[in-house]
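Next come two complexes, and both contain chain A; in the first it sits with chain B, in the second with chain C.
== the complex of A and B ==
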């Protein structure tokens, strides 16, 4: 404020200076627009590229091919144990019955059999949906008690022919699937993002007990350990 | 606030510890540390710095032989219900919502990633049940492999405490969901200390459920904020009105007294 007042005191009689200021104003606006555009590009395009490193799975697994085989369904590889725990990513034991020897000529299968099956090494699968260590998640509560399908949280990985590229946040080490692929955090489908609020929002909607005294929402120990 | 009838199926997990049975062996402390990935240092001689979710104290009646008597008192987090339901001392001072009271289970939770270490809760807790991590945990070579994957490990600068082995509740619920149940049996969810106690001094269960042993032993009176109906039972520092969910049993008068601030006992006595 005060600087504007000071300037107006000196202004009368210095018309030439005013003209020069107008010309400079155009240049400033131009520089501002260029700068803004550059920052937006850095922020929306370059930054996400820098923030996430891209990794390939050790073996490219083809869901569509395997589900086309006889007697194969999700439970052949992703099943519940009797204590209610979830098997998660399959172990070699689920593959050995068919892959003790190379069957076709896919390079992925050859590598899988030679490097893992024959050496008895488990495949170090990268888990897209892996939550931070402090989070407790229960498949049986959602799939059995809640009757939910895999797609609502994982999307269509289970029908895909190739596993997607795994993107890891360089700072936190978390998978990009938690934050979602839209850097602004927008989501279209229910599986686009899996942050705390996404879990909590569905829980509030589905009426999972809201018993926290502090927040009157859900108790923290429902999803944390 | 809520009266018992209205609580429906909500639980109030609690513990009853029989001090006449406790031999002070410390098995509960060891089991607790192993179950909950509690960190320790090479030199644990300074007890102000050590982290003991479950800690056994030794009490003496201060008398000379032949009247001398001692009592061992195991102290987990008391999971106080507080003046209004859930306003336990620690929960009401936490500025970060890192500690919370779950009205569904009656358990006071502590979310380590949320805690920023102001330690108000430690100052507020009258039972010294909360501990501060002055250092990052360092496990002896190879011991990381024995950590419990169901309990997250903590870092330097945050407060931790007993959570009634809540991960065991989560595990038990998974089995229940698998079998299409929503209710747990009494013995499906038991804390590590309860199961480790060779004397059977620690009993754990739902205080709201008359079938559970904790209910039968403590006989909590819902109209008097859970005060024990069993004359053998008492709670620590009852006069502070923290309304803990850990009850102690003893037939010895001096042990009951040791659980209170002496002056306040008389007052409370005059009251009722």
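== the complex of A and C ==
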């Protein structure tokens, strides 16, 4: 039966020459262009919007204001503990020194004192630079031993008056800052991306041996615990 | 323009090309890989500042000194405490896995009253006021009826302030029935009472011995204080010490020893006397000790020379005569020989004759209270409370005989809970109305479970002070939730052979979860509720104050260091060590009588019906006390011991051939006490005719993670009261194994 059908489809008068004649070739090209354009738009424009959810920080923190009041720069709040571990985002205990009472009249400040300080609740800060759990990153090795400054990886967040929107990857659950804002993964400045390639690039450039302190051997387990 | 199938294909090709040229596939691949490497449902420890708290874990036999790492209020890791005596920074696997128990799903968080029949698992939560009201009503009822002795308590340890509070409560109440779970420490205490005439704890100066003859002790299988034993064992290897292991099964200890001497189960004591025979016959013993500080040697010598010749001993033990002779000579000629006993982990008490025989071997070599030898330590005496005041009812009750016969029928024993079931069943000398259980889990650990459960069914009121819903709590009428080992203060007196007095301090490491109360607090509150002389006996406002006052000037040091130890302790010299009638070491105490005590104990059961012999064995990978093995431990168990939920028993291929069993065969294991379906693992490391089964599996309570794994071998073995000490002397039971 199929043979008969095929025969009828390829009967004289219905061949390729007729396709061209009735404009089917143009339609094919047109369809290709439509498909190409649509998927490019989806991939470059729609997809990034769908991939990330937009979240606001619980309190809109003003880095610039605090940096002006403190005398040890970033380390006034983001300090190293005695054991060398890095404190990261400040805990409430650090804020209470100044913020036991409301300072000024900013609504965020009032909310911070009333909802968090007075109730003794920690602020659930969203951490832009939090690496996946499988990554072991030591601040002390980079800042103290390597002499790097904060800006190299974190950019000029310290000079900002408002916190940027936190974009959370709906699949992995991590911040957009790791991949970078450019969806193609291109970067201009060293703080634009925080992927493994960026670690490797700097380590290679600086000639840093990526060996374990304990075993003096290189390997995945130096950074991936 | 005609749109046909090819247009759609073209659209698809275009879309595919566009997609490839967009970041979509590459970005999704990257995100998916991150997602799949870190499943969002996998728990990760909280990030934050690490803080460390020193404490003592009360889960294992002797208490491990621990350092708990915390992030915020949550404990995330338990490690050994550096500098803790014996452990020196090490930790046993059960204490290391303690977080799984602390944060486990079957923690009891509020008082629960039984609804429905016993053990059915139907509960209703009640307030503490209701719970304590019910207990005081039950207790007051017993006093009103003039039968305060009908109230009993079972705890896990004999020493420490919590057991002491239970004992005090019962005494002031009027009941002599304070019981704890006896271990090899009790068998040794009985031996020291008979041969030294003192109330002592046994200690072993293992680190200074150079020839260790172990009569079944699982040196690296959890005997004594497990971490200290591992360290000592490594030290011996470094120093070139000799370790000879006498036992019927190739345990880890036997495999790591200089020589494994397979012996018929139950005949270890006979082998010790066989060695004594050679040592005496060849005059290899310590003349100074035997002639000047010992008594009864002549009787002992005559008995040993007459009955324990190498030929006889070889027949009893299955060890050939030349081995007996050579080991005896090596032992006697070693610089610092030490013989130790207590089978497996020493959680079972064993025959008094076996302990006496091994102790006599040490006495012959004069190693008692000497470097590298066996030491008699004073029993912990830091609890110095005035005697509780007794009213008439209490005096009447305290004059009664104990239900378990300790102190009366068996004068050297202090606690014989395995005899409780018979006393309850026969109501002799009287019945039990109220049973309090704290820290112990008799419905798992005591032999002959089925029997025991039926018997305990006759006790009208059982109250369990429990951290977890263990087997005993599950069978109780009222469960009073206790804070976990990481949530409370408690003193832990070391009793497992550390050769210096040592008290550890467990302390709250994390905030308490749930509505729990410390058993010590509950007793103080119950005493207050009952009033009168009971209230007078408990003058403390709460347990923490009681503990602080009890430890007195040790308290501050214990808070700072986590323990108190008498580092300068030296055992008494021979001229001051013995308080027997003769003032000397007694080789042949009256309890030995005609020497029948030294004959190997026959296992329970008819040899014709049960041709094999079941011997439970201990492994350091499985917790076999009152606490069930958390998943971290179970994961370390080989799949020829436990596979899924099925337990394997070990048998010799020779026995397996005769029974038509092969590796992995399902089989029905039957003993006079019960039966269970098991699988078979063939091993040349067990003597023919024996069936080895791991102890510590087969929990029925707790939760899905802890319960239903294997068989509780305690349920298959019955107790046999030792004729002299009354302690459970059973080392196994006759059994049959048939293809299932």
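Following the convention adopted for this analysis, the second predicted complex is superposed on the first by the 191 of 225 C-alpha atoms of A that agree within 3 Å, B and C clash if a C-alpha of one lies under 4 Å from a C-alpha of the other, contacts with A are read in each partner's own complex, and residues count from 1 in each chain.
We take it that contacts are C-beta pairs under 8 Å (C-beta built on N, C-alpha and C of every residue); 3 or more make two chains touch, one makes a residue touch a chain.
Nothing here was measured: the structure is a model prediction, and the numbers come from that model.
**Student:** Since both structures carry chain A, what do chain B and chain C do when superposed there: clash or fit?
**Tutor:** Aligned on chain A, chain B and chain C clash with each other.
**Student:** Contact-wise, after the overlay, does A:134 reach chain B, chain C, both or neither (first, second, both, neither)?
**Tutor:** Touch partners of A:134: chain B and chain C.
**Student:** Touch check for A:145: first (chain B), second (chain C), both, or neither?
**Tutor:** first
**Student:** Going by the contact rule set out at the top, does A:96 touch chain B (first), chain C (second), both, or neither?
**Tutor:** neither
**Student:** In the superposed arrangement, does A:213 touch chain B (first), chain C (second), both or neither?
**Tutor:** first
**Student:** Which holds for A:204: it touches chain B only (first), chain C only (second), both, or neither?
**Tutor:** Neither partner.
**Student:** Which of the two, chain B or chain C, is in touch with more residues of chain A?
**Tutor:** Counting residues of chain A touched by each partner, the higher count goes to C.
**Student:** Could you tell me if A:32 is touching chain B, chain C, both of them or neither one (first, second, both, neither)?
**Tutor:** Only chain C is touched by A:32; chain B is not.
**Student:** Touch check for A:110: first (chain B), second (chain C), both, or neither?
**Tutor:** neither
**Student:** For A:165 in the superposed arrangement: first (chain B), second (chain C), both or neither?
**Tutor:** It touches nothing on chain B or chain C.
**Student:** Quick one: is A:85 in contact with chain B, with chain C, with both, or with neither? Answer first, second, both or neither.
**Tutor:** Both partners, chain B and chain C.
**Student:** Just name the clashing stretch of chain C against chain B, choosing from 235-243, 415-423, 505-513 or 577-585.
**Tutor:** 235-243
**Student:** Residue overlap on chain A between the chain B contact set and the chain C contact set?
**Tutor:** In the superposed arrangement, which is not itself an observed complex, chain A uses residues 83, 85, 132-134 for both chain B and chain C.
**Student:** Please output the residues of chain B touching chain A within their complex, sorted ascending.
**Tutor:** Touch list, chain B to chain A: 10, 85-87, 91, 94, 97, 100-105, 107, 109, 111-114, 150-153, 163, 166-167, 170-171, 173-180, 182.
**Student:** In the complex of these two chains, what residues of chain A are touching chain C?
**Tutor:** Its residues touching chain C are 22-24, 26-40, 42-44, 47-48, 51, 81, 83, 85, 87-88, 91, 132-134, 169, 171-174, 179, 183-185.
**Student:** Can you name the residues of chain C that touch chain A in the complex?
**Tutor:** Residues of chain C touching chain A: 1-4, 6-8, 10-19, 21-24, 27-28, 30-32, 34-35, 37-38, 40, 44, 47-50.
**Student:** Looking at the complex, which residues from chain A come into contact with chain B?
**Tutor:** 80, 82-85, 132-134, 136, 138, 140-141, 144-145, 209, 211-215, 219-222, 224-225
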